[in-house]
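Read through the structures below before going on.
Paired with subunit B in one complex and with subunit C in the other, subunit A is shared by the two complexes that follow.
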Partner chain A sequence: MGMQAIVMFLMLGILTGCASNRPLNERALVLVMAFAPGPHKQISVAFQIPTPQGLTSLTSGSTGSGSPGHKTSYTVFGRGSTLSQAFGQAQSQVNQGLYLGQLQAVIFSTRLSGAQFQAISSALTRIGQLDKTAFALATTAPLRQFMRKTPDSTPLPGLYYTTEFGCSQCQTVQLRRRVWSIEKYLNAPAQNLWLPLITLEPQGFHVDQMVIYRHNHAAKILSSQQTADIGYVLGLTSKGAVNLHWDGQTVSVRSLKANPKIRWQWIDGLLHIHVYLRVTGSVEEFPADLELGPHVRGLQQQTSAQLSSDCLTAVTKLSRNDLDPFTIGNAYEWQHPGTLSQWRDAYAHATWAITVTVRLQQLGDAT
Partner chain B sequence: MPKAKRPDKEAVSRAIKLARTLRQTQHQMATHAHEAALDDLTSALDRLDSTLTMTLATTDDQQPTRISGDLAQAEQVFHGLVGPSPDVVFRRFWIGTRRPGLLVFVDGLVDNEMIDQDIVQRLEDASDISQTSPKQLGALAYDRLITVGHVTTTSSWPSVVSKVMTGNTAVFVQGLPRAFVVDTVKYPARTVPSTKIEPAIKGPQEAFNEVGLTHMNQLRRWLRSPRLHFDSHTVGKISQTPVYVAYLDGVVNRELLSRITDRVDRIERDVVTRANDVAEYLSDRRLAVFPQFRLSDRVDWVARELGQGKVAILVENDPFAILMPMTLVDFYKTSQDYSFSTWDSTLIRLIRLAGLLAGLYLMPLYIALTSVNVDLMPTPLLLTIDGSRQGIPFPPVVEVMIMYLIIEILREAANRLPQQLGVTLGTVGAVVVGTAIVKAGIVDDVMIVSATLTALGLFTTPAFEMTTPWRWLFWVMILGAYLLGIFGILLVTVGIVAYLAGMESFGTPYLTPFGPLQMSGWADSIMRWPIPLLQRRPEDLRPVHRRKAEPVPTPKPFRLGPRNSKGSTKS
Partner chain C sequence: MHETTRHISPLQYAIIETTSFMGIGIFEFPRVLVMHAGSDVWWGFLADWLAAYVGAWLLLKVAYVNPRETLLGAARDILSSTPYWIFGIADTVVHLILPVLAIAQFSFLVVTFFLPNTPIWLVDIALTAMSVYVTWWDLPALARTTQVIYLPVMAISVVLLTLLVPYMTDSYAAIPSLDLHVLPTLTGAFKSLYIFIGFEVIPIFWPYIRPDEQPRARRYTYLALTAAGVFYSAIIFATLTTENPWYLEHLQWPAVSALRLINVSGLIINKLGLLIVVLWGIVSLFFISIRFWAISHVIMPLIRRRTLTWYRGINVCLAVLVVGVSLRFPNIRAVDTITKKLIPPIIVFVYAYPVVYLIVARLLQHRRHHSSPSPANS
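Right after this comes the complex of A and B.
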């Protein structure tokens, strides 16, 4: 019995891995990690870490406080032909362990090659410590410029992402995407990864666009309107808006939220894709001299027509560019393995039809 | 081995007298400034004195066992047994005018007024006794003394001596081979106090004092039934401490009672001075972390527990009664739970549970989430904690140790000080030390909050003896959190639950009514149902009768209306 207890305690001590535990103050909390291509096909990586001033600025009544002139975060850069080399170089510049368990965002430069993106994404899946619930975003901005930016809305740049994506119903288009979701797009040529695009603004950051990847390479950046239109088809748009002309005056329909269903079928060797959108929304800015009730049906029809037209334009354009963020190709490949080339050709020439049913609820409510 | 020669009693007595004479001589010499030279003599005399006294006391077989009727011998026997004790008073007096008598009593344990008026004066006025023969002497003296109250006669020296030591007065009459033992007991005692250890906002406030007789009187006032029994026992070979096992006959499980009394009888100890001396002999597991009995000084609480079918042990000179058997839930019940409404009591009990969880888990979680499972912490909270920890030289586990040590020191210091100073110390500790230690950069703000909640959480436990196990297990939890993080906390929790599940208190599973599951017990566990619905005694106590209240239906709604007014007017 005594020997068993000794062995148990020894096993507890040896096998638990507690020896590698590091208290909080021995870890450099990386809140943002960014990747960009370096010279000579190298990979540049940047780690954004809050400074002590930045951390103390979060607590009121603490002994220290972040004064406005002080930097709230600093960035460590690393570069190498492989990701591990880049990590190693960055690690050598800090005297604490780079801790990725509280990562808030992983930023991919749109200039990364397909091979680099795939190498990075693959490596990320193998870092056990990495918080895979971090948000994944793409940017066109240079790495150093991006990492130097601090938004006005948050004391720490890393906290921007929590506030931006934390509320699922607050954005016009819910462009939230986690790191773990990238993994399923690797080595899956039938589907196209999309990431939210983060752009630099004078006040900080802005996210209302989408980047669609093909073969792990950023193939197309959608505009804000295209993003909203594609968002309807993907079921991501929750605060869409349409401006209509009604009786010579402007009418705004807002808070549009779509519930999509996509059906596809082969007719005479041609691919027909039909999108059904059930949209709800509310009317705003309706002329005061008119009674809204009798006009609701007409407004619904006009909203449906406009949404249908906009969405059709957007999806057709993607289809012609062989971009399938809707994962239709994924379903086809599942049913017809080994016929991907035929699918691509058919998808590029597919006939799209979009049926939109709009129901305007909460009449007159402003949200 | 040659048999040691027994010391001659008279020789020993002479030696004692000689020692006393030498001591007086030494005192006289000391007054003439010979202190240095007399040090050795003094210590030698002390040793001689004590040795001889002990030797005399151990030669029981040299002592006469029967009273002879010789007052000088009686005094000598007493002197030999009690030594030069200044509190044992020998008072000679005359019965009538010609027959000498001797009173022996312990000053401070007797009612002096009773001795003067009811014994000495009565016997001095009894002229007829002095004229009678020794044969009639006993009956006449007894007739005079019987008016005093409880009087017994005995011719046995051990009996007389033991009774004198408990506050009785022995009356010896020259020529009478017996002694009268008169009950003149009047202990110096506190008045019946209000409880300070287990305070309650509402309900009874009465507590026990140190006198066993008062204990019984107080309980008798609460439970005015002949079913309330007190089994008297004496523990402590030297202290001869009275112990009373209180129970309700017809309610308590007889086997449980016999086991408890058996264990009380088995106590072999020279001196028993407090209830805990007895209680620790009764536990099933001597080294168990969790208590198996509860000490309470509340009369109402002891009465209530007796009504449940438990047993209370009252120990002379200790105001705390030992209650047993006890389960874990019993330690989280208080008297005021039954003085408040159902909702108040249930809320308070839930708060106690929350306090226990906070006290036990807050700091371990802090360590686990800041040292091991950092990834489980919400980022904003982690950044706040990290911000507050900037400049702190110690890892979280050392912070916890520092803060908990400070709390324990403050707690112990507050206990040792008078109540008013204790409050001041608590304020000083909370405000000054807390602020200063943060400013000094030894611990961070979050740790202060965590430590305060931990201390307060553990203080919500009503029974003091139950806080100690959690304070010990807190450190096991800290160790588990430091080594294994959240998994370690879970592991220790499972260990604690398993340990508790294996414990029993006098055959009662410690985790009842949760394990084994007894749904009827839930009515008075985490929640407290309305008192009319608490109709059964705890099943785990196996009482003779489980039902303690008859079901009474909820009264029909009653409304005062005009009809009632007319009725009252008529009356």
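Right after this comes the complex of A and C.
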């Protein structure tokens, strides 16, 4: 028994992990990390760190309670020809260890070169303590301007991302992307990476566009309408809307959510890609002087037609640019290894067909 | 030897063989298989699974040669002095390599994900001390501890793997390929057969089951292999569809990387996946304990000492040796290289010796049958 007690206390002593633990005030909890190209092919890095006031303002749980006079966060910048040089320069400006285990978001400038982007993403996967589930975003805005912005909705900029992406049903298009998946797409043979684009606004930020990468550099920024259309095909759009003209009046169909299936086949050596979208939605805004019941079928047909033509334009544009955010290219390469260039060629000239079946489930309680 | 109840139940017996899987297999699997077999990964895995059944069948035959005696004890009856010693030493070496690799593998994992600033020797010593502690009261205690931890850990693992479903975007990768490339698939299968290594203890633990329960233990052994195979299939499915196959090849510990993604916001432990990795680590300590037990029970008949004090003494010496050797690895890459070199001979040994053993035993029985009408020792 005495032996057991000794061994147990020994285990308690050495297995707690306290040996490597450091108190909170020796750590600078980085909430947002951002990367941009600097002059002379250098990499600039910025760390956004909450101040003690900023941290305590969060404990109340309500937003906007941080007293307005206090700064809730500060930003440290570093620059260097390699990432570790830039990290070192940033570290030298704070008297606490930069701790990446609480990271909320990693922002990449779209102006980063392919080599820089690749170097950063591979470095991120090697930092053991870095939280791989942090959100990844891209931006076109300059680094300093971007990092100094505090959104109106939350006192702490870092928290904006958790509230923006934490709620999967709140976004029109579910654009959340995690840091770990960047490396996954960079390794994929055919599938291109996309990241949500965050844009600056007078009140704060705004996320409704996506930027598609060609291998490792930002290639195309989609408009918010295109993002929603591609979102249907990727199964990401959860609050789509279509406005139709009906008897000379405007009818709006909303809460459109698509369930996509992509099939492909070779016909005479040409690739035909067929997308089947099963869409559900609800009718909002219907002219009060009309009875809805007899019009539902017509509305469904018109919504389907509208969606399929919109999506067709969007996907064709992508495939003509040889951009492939879908998994079909990967699937082909997985089943037929070594035929990637043949697939790429076929994909760029593929004919698309989109079949949409809309079911309007909620019609409201007025007929 | 000091005796309490020296028997283990059939379920404990089956679990002891399967816990071994967690030791070195689970963390790295299925990287090597995917690298070689590509889209034929399922066929490669099926080959492994089948090979595990064949191995278990062979080893159970060995166990039945003399069901009341340990492997080395039985070997003494049928082998002459020199081959007996060679066999004993080979068996010891095999059982010594496995815990060294397991402890090195898991301590690097702990240092990478959990304790980045803790010196690795401390992790090594703590883990090995824990395994010695589990072996301290001999087999029944070891078997019970293993059983108590193993079943809940497996249940929680399966539940947690379902939390990965939202991340499984690359479903195409899980569809079995119809275009079979035999050679690369079999190479991959052979190189990842180590996931089932552990069933080599089948004849060693056999005499600890009550004679009337031995048929049941045999059935449980096959059932345990089936359960482990299903579990591995779940791991293949989850890792292939979450991380696509190409990224998976770059990951040191694909299953751990996938489990790291689980993030249940609102729960006290939001990184639930990492919790399960810790639990896997505890199970892999049992792997090491079981090896310690096996080695000491190979050494004890060799030196003809069978007391509990000798047993504990040997275990402590083994622990010191294992820690010393595993600290020689500078990084996980070195562990990988050595594992790749040493595992194939071990696999060949585990499959070859039962065949030789059974042939020798059969010949001997034949000869005895002819020389005297009543066989003395069967």
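Here is the rule we go by: the second predicted complex is superposed on the first by the 335 of 367 C-alpha atoms of A that agree within 3 Å, B and C clash if a C-alpha of one lies under 4 Å from a C-alpha of the other, contacts with A are read in each partner's own complex, and residues count from 1 in each chain.
Operating definition for what follows: contacts are C-beta pairs under 8 Å (C-beta built on N, C-alpha and C of every residue); 3 or more make two chains touch, one makes a residue touch a chain.
Here the structure is a predicted model, which is why all the values come from computation and not from measurement.
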Quick one: classify A:Arg178 as touching subunit B (first), subunit C (second), both or neither.
second
With the two structures laid over each other on chain A, which partner does A:Leu24 touch: subunit B (first), subunit C (second), both, or neither?
first
Partner chain in contact with A:Leu156 - subunit B first, subunit C second, else both or neither:
first
If you stack the two complexes on chain A, which partner ends up touching A:Thr56: first (subunit B), second (subunit C), both, or neither?
first
Answer with first, second, both or neither: which of subunit B and subunit C does A:Lys132 touch in the superposed model?
second
Per the contact definition in the header, classify A:Trp334: touching subunit B only (first), subunit C only (second), both, or neither.
second
Return the chain, subunit B or subunit C, that is in touch with more residues of subunit A.
B
Subunit B versus subunit C as contact partner of A:Val7, first or second or both or neither:
second
Return first, second, both or neither, reflecting whether A:Gln104 touches subunit B, subunit C, both chains, or no partner chain.
first
Just which bits of subunit A does subunit B share with subunit C as contact spots?
129
Which residues, counting only subunit A, touch subunit C once they are in their complex?
7, 10-11, 14-15, 17, 19-20, 128-129, 132-133, 166, 178, 180, 183-184, 187-189, 191, 327, 330-331, 334-337
Residues on subunit B engaged by subunit A in the complex (per definition of touch)
370-372, 374-375, 377, 379-380, 382-392, 395-397, 438-439, 441, 444-445, 482-485, 488
Going by the contact rule at the top, pick out the subunit A residues touching subunit B in the complex.
12-13, 16, 18, 21-27, 29, 31, 50, 52, 54-59, 61-64, 99, 101-102, 104, 129, 131, 156, 158-159, 162
In their shared complex, subunit A is touched by residues of subunit C numbered 38-39, 112-118, 122, 125-126, 129-130, 133, 169-173, 175, 177, 179, 243-247, 249-250, 257, 260-261, 263, 265
